[in-house]
Amino acid sequence: MDIATVIGLVSGTVFILLSIVFSGGRLGLFVDIPSVMIVFGGTLAALLVSYPLKRFLAALKTVKHAFSSKESDPTAVITQINELALAARKEGLLALEEIAQGMDDAFLQKGILLIVDGTDAELLRSILETEIAFVENRHKDNQGFWATVAELGPAWGMIGTLIGLIAMLDSLDDPTTIGPKMSVALITTLYGSLLANFFATPVSSKLKGISDQEVLHKQVMIEGLLSIQAGENPRVIEEKLKAFLSPAMRKNFEVPKNEEE
Amino acid sequence: MDIATVIGLVSGTVFILLSIVFSGGRLGLFVDIPSVMIVFGGTLAALLVSYPLKRFLAALKTVKHAFSSKESDPTAVITQINELALAARKEGLLALEEIAQGMDDAFLQKGILLIVDGTDAELLRSILETEIAFVENRHKDNQGFWATVAELGPAWGMIGTLIGLIAMLDSLDDPTTIGPKMSVALITTLYGSLLANFFATPVSSKLKGISDQEVLHKQVMIEGLLSIQAGENPRVIEEKLKAFLSPAMRKNFEVPKNEEE
Amino acid sequence: MDIATVIGLVSGTVFILLSIVFSGGRLGLFVDIPSVMIVFGGTLAALLVSYPLKRFLAALKTVKHAFSSKESDPTAVITQINELALAARKEGLLALEEIAQGMDDAFLQKGILLIVDGTDAELLRSILETEIAFVENRHKDNQGFWATVAELGPAWGMIGTLIGLIAMLDSLDDPTTIGPKMSVALITTLYGSLLANFFATPVSSKLKGISDQEVLHKQVMIEGLLSIQAGENPRVIEEKLKAFLSPAMRKNFEVPKNEEE
Amino acid sequence: MDIATVIGLVSGTVFILLSIVFSGGRLGLFVDIPSVMIVFGGTLAALLVSYPLKRFLAALKTVKHAFSSKESDPTAVITQINELALAARKEGLLALEEIAQGMDDAFLQKGILLIVDGTDAELLRSILETEIAFVENRHKDNQGFWATVAELGPAWGMIGTLIGLIAMLDSLDDPTTIGPKMSVALITTLYGSLLANFFATPVSSKLKGISDQEVLHKQVMIEGLLSIQAGENPRVIEEKLKAFLSPAMRKNFEVPKNEEE
Amino acid sequence: MDIATVIGLVSGTVFILLSIVFSGGRLGLFVDIPSVMIVFGGTLAALLVSYPLKRFLAALKTVKHAFSSKESDPTAVITQINELALAARKEGLLALEEIAQGMDDAFLQKGILLIVDGTDAELLRSILETEIAFVENRHKDNQGFWATVAELGPAWGMIGTLIGLIAMLDSLDDPTTIGPKMSVALITTLYGSLLANFFATPVSSKLKGISDQEVLHKQVMIEGLLSIQAGENPRVIEEKLKAFLSPAMRKNFEVPKNEEE
């Protein structure tokens, strides 16, 4: 699990608990099963109407990507392309086929096989860019799912509060019960707000960040593969690909290079 | 009817009913005919001003697509293209005309007939992509209709609540009636919120999902038809079209293929 | 006047009146001249600052398009193109000039005259598409005007309510007047919400629908004119243009054709 | 000053004053210096953090464009192009240089000089379109500035109200002061709302309208200049440029022409 | 530090303090540690879930750019390009290599080296525009980070207020404590609103302005480098690049030029 996610989830929970304690509230007051039901149940029910079952289950599972620590490194991609370029220089394009077998990146592998098959540069770019476009679309659908959760959560929180208020206002017999009843009615709004701002929105943001990085890496790969196919000098290829890095990453990248030399 | 939709609608209704019971409210309190009238009637009236009658009725009917379980399978499209490619290989492009007769997909049929007629590849792509663009536009209009419902619903809910509040505040003679009157005034806000978050927004989302999939299938068909026209190898075509599938679908796709072989 | 618009405006008004009656309010209570002044006057004043006078008056007049029943029929456009194609086949392109004289569609007329003048296909498309783009831009400006009304209305409703609340809170001497004064203060919010959700938003939606249809018809005309210029077969042209129709419209279109044959 | 702007500002102010009088409030109650400070001061402070000083001062000055009555006439642009076309026909392209000297439109002047210099048509279009793109970008920045004011105003209005409420709730000793204190607290919200809906949003809209018109005129100029360069017939050029006019403007345009003939 | 930022931060703080004093509140009342914790802590926690740790720390650091006074001058860029053009004219393109060594703008340096290496114009533009696109993307990510802060801040402010209200309403024993408790509950909403409207939104705006300017300068550099490569006249290059300046900047630019002559 990503260390920042752990710190975020734990510290956020601590801050909420402390806030409850400091406001003089009993912790038990904030755990209300019927409120859980209407907010989380209602949101879930609306999601089931919004998506086909398979799509719903698949989107739900993407939460694990948001919490994984598998942060890929763009400099690793450039190093890998560099090795391929050197191999292609020394042993020819056909030598890449063997290297491709041992790879675990299906996209890079596919690109190499297309080069080995003698695919035209224009077509190679078009095939790989189409694949990126579809990957990006699928990712956007998943981010959209969590953005929908972030909209439905507070809406169902308000639905719960409205139900509670309507019931309370209808029977104002005993004025001493007004406060506690309103208190309970507001808990659904709190749940909905937490679902959106402590969970669904951050998950959607995280998935977007991961997707952006994956797409960036695939773009680096395309540029690299096209340069290898064109028989460019490995040094030139490396220079070219470094345009994709941020200044900070470029600096990090140069340090190991200097050590190598 | 789609199983997820049924589960969603039933469970959502149960959660709402339970929430009412737990909040100590009488079920009858939440069924208020005048509130139904102002929220649903007002939303309907505003929709009738927003759309010509034909358009309004057509858009209303799209709700049945959102609830149908007819989930099309992208692997089926690829299998179908594959069979066409094999037939074209063995018996020539003209043999496709007969196969096209028995098809129930009008888009694929049209594409085949254009190939048989000897339409140029560039023109073929342009005609079929124009058709996709128009299909997508019509779908977006329908999603937009339900998104409009999701905006007007809560707005008319608030209009109902304002009318109730204004009437109540004008005659504050009997303080014991304030609660029940406010209670009734708030019911329209609840109705508007449910109309948006339990019905209209999910229907709009579902229609978008269905449209995206239909467009994807049509894109697969275009790529497949162009490859068939170009006389490409059926195995290569299959590989190419699989780029349109998600990794999960690709895996599913390979299992039946292994069984076939 | 469009029948849906009439039904919408009348039924919406009835629903609002019934809602007032059912909430126990006096109808007179909901008609408040000072509230009309601040909401409608304020919105108007802000619109006058937002637009030059001519632009403001022109945009205001577009409301009549939203209420007109002049719903143009895409199949009529195709039939018209078909007749032009037949005439061009039989009597040559120059014969179209005479037919163009009797037409009341300035766009189609202009296109025909350009063909008769021997304008190059590329230039013909570019001139007509430029005209479409400008038509669409002007329409978008008008939709934007009504969308602005839909934003300013509720804002000035709230300004009215704030003024009422501030005045009321400042002199809380007589508690029995609080209710009626708040009641009056809220009427401006009700007016603003009705202006937006019963009038301005629907008008903007309706104008968008009309514009989309006009643009679609003009696009059908461009494709038809280019096909006529290229000397394509009238049957082929008809087939091609039907891609612009929705499946439902296509079915309607075929019925009269069968009757003709 | 634009007549619509004057009417808008004066009538809006009158409506606000009348609304205050009708709500029974004292005018003095609505003028509160500390409220002015927190809303206008706070918004200004946030704007100073948002923009570098030069940029802030430049954007602030654009308010004068929104209030100027200098409404340019597209038909005047077409007439001007027409005169240039006639001169080019009679005396050759080089004769345009002299005419360009006396012009006060720097864009048209630049275009003419580029033609006289023998700039290639493709390059001419690219240079002038680049200039339009940059002009449009600068205008959008200015509209964005006022849109930011329209967002910050209500936000700082709410900040003022929150400060007032927190201070009031903390010392509820004397119940008779609650009303007046809340009354004062709400004035900041009123100020923020007026800043946005009576000033900043309309200014942003007006600037957008002016910018759209300037860009349209520059586009007409580009098309006209390219046609002059290509040596097209002045009558044809006039016809072509009229596609940029709305039907209403076209009608106005033809009247003077008939008078001339 | 940018002078406008200092004035903005100081004056904004003064306005807030004065507003507190004028509303009759004690300053101490507005400093509440538990409220700080839930608003700032909660926002931070949600940000940690939203971004990987490295990304979070990098984005946080961009705040220093928003406060720096390093405002780059577009006329300086044009002057620099002009000098390069003159050097290239006099001593040839190869002479630029030496000048490039002493430059501190890595982008311009890279462009010069590509020219000296004899890179093709088309490729030169494509490499440098790719670099701009990536720079712009990274900047947008940073602006997006602060925009996320501006959304999460008020959301966590409301979460704090809800917790306070729920706790207060649950124990309404002593009516005299209601006011002070609600007062404290509202402080989190105030903090959240200030975090968004006095800090995060302005920082995001400022970063956007800086980014737009940097991108503009890089575009000027590309156009200038391509013109130098094409061997255009330095005077012509200067004229061309001035299209990128606003009219005000153009005027400023001409003054020093006149002095030089």
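Read from first to last, the chains carry the letters A, B, C, D and E; within each, the first residue is number 1.
The rule is short, and it goes like this: a residue touches a chain if its C-beta (ideal position, glycine included) is under 8 Å from a C-beta of that chain, and two chains touch if they have at least 3 such contacts.
The chain list, named the UniProt way, goes like this: A, B, C, D, E = Motility protein A.
Note that the structure is a prediction, hence the values are computed from the model and not measured.
Distance between chain centres (mean CA atoms), chain C (Motility protein A) to chain E (Motility protein A): 40 Å. Each chain gets one centre point, the mean of its Cα atoms, and the points for chain A (Motility protein A) and chain E (Motility protein A) are 25 Å apart.
Among all residues of chain A (Motility protein A), none touch two or more other chains.
Taken as a contact graph, with one node per protein chain and an edge wherever two chains touch, the assembly forms a single closed ring in which every chain touches exactly two others. One closed ring of touching chains is present, and its order from chain A (Motility protein A) going to chain E (Motility protein A) first is A, E, D, C, B. Only residues 34, 37-38, 41-42, 44-56, 58, 106, 127, 130-131, 134, 138, 141, 148, 151-152, 155-156, 158-160, 162-172, 181, 184-185 of chain E (Motility protein A) touch chain A (Motility protein A) when the two sit together in their complex. Interface of chain A (Motility protein A) with chain E (Motility protein A) (complex): residues 2-5, 7-9, 11-12, 15-16, 18-20, 22-26, 29-30, 66, 71, 176, 178-180, 182-183, 186-187, 189-190, 193-194, 196-199, 201-203, 205-206, 209, 212, 240, 243-244, 246-248.
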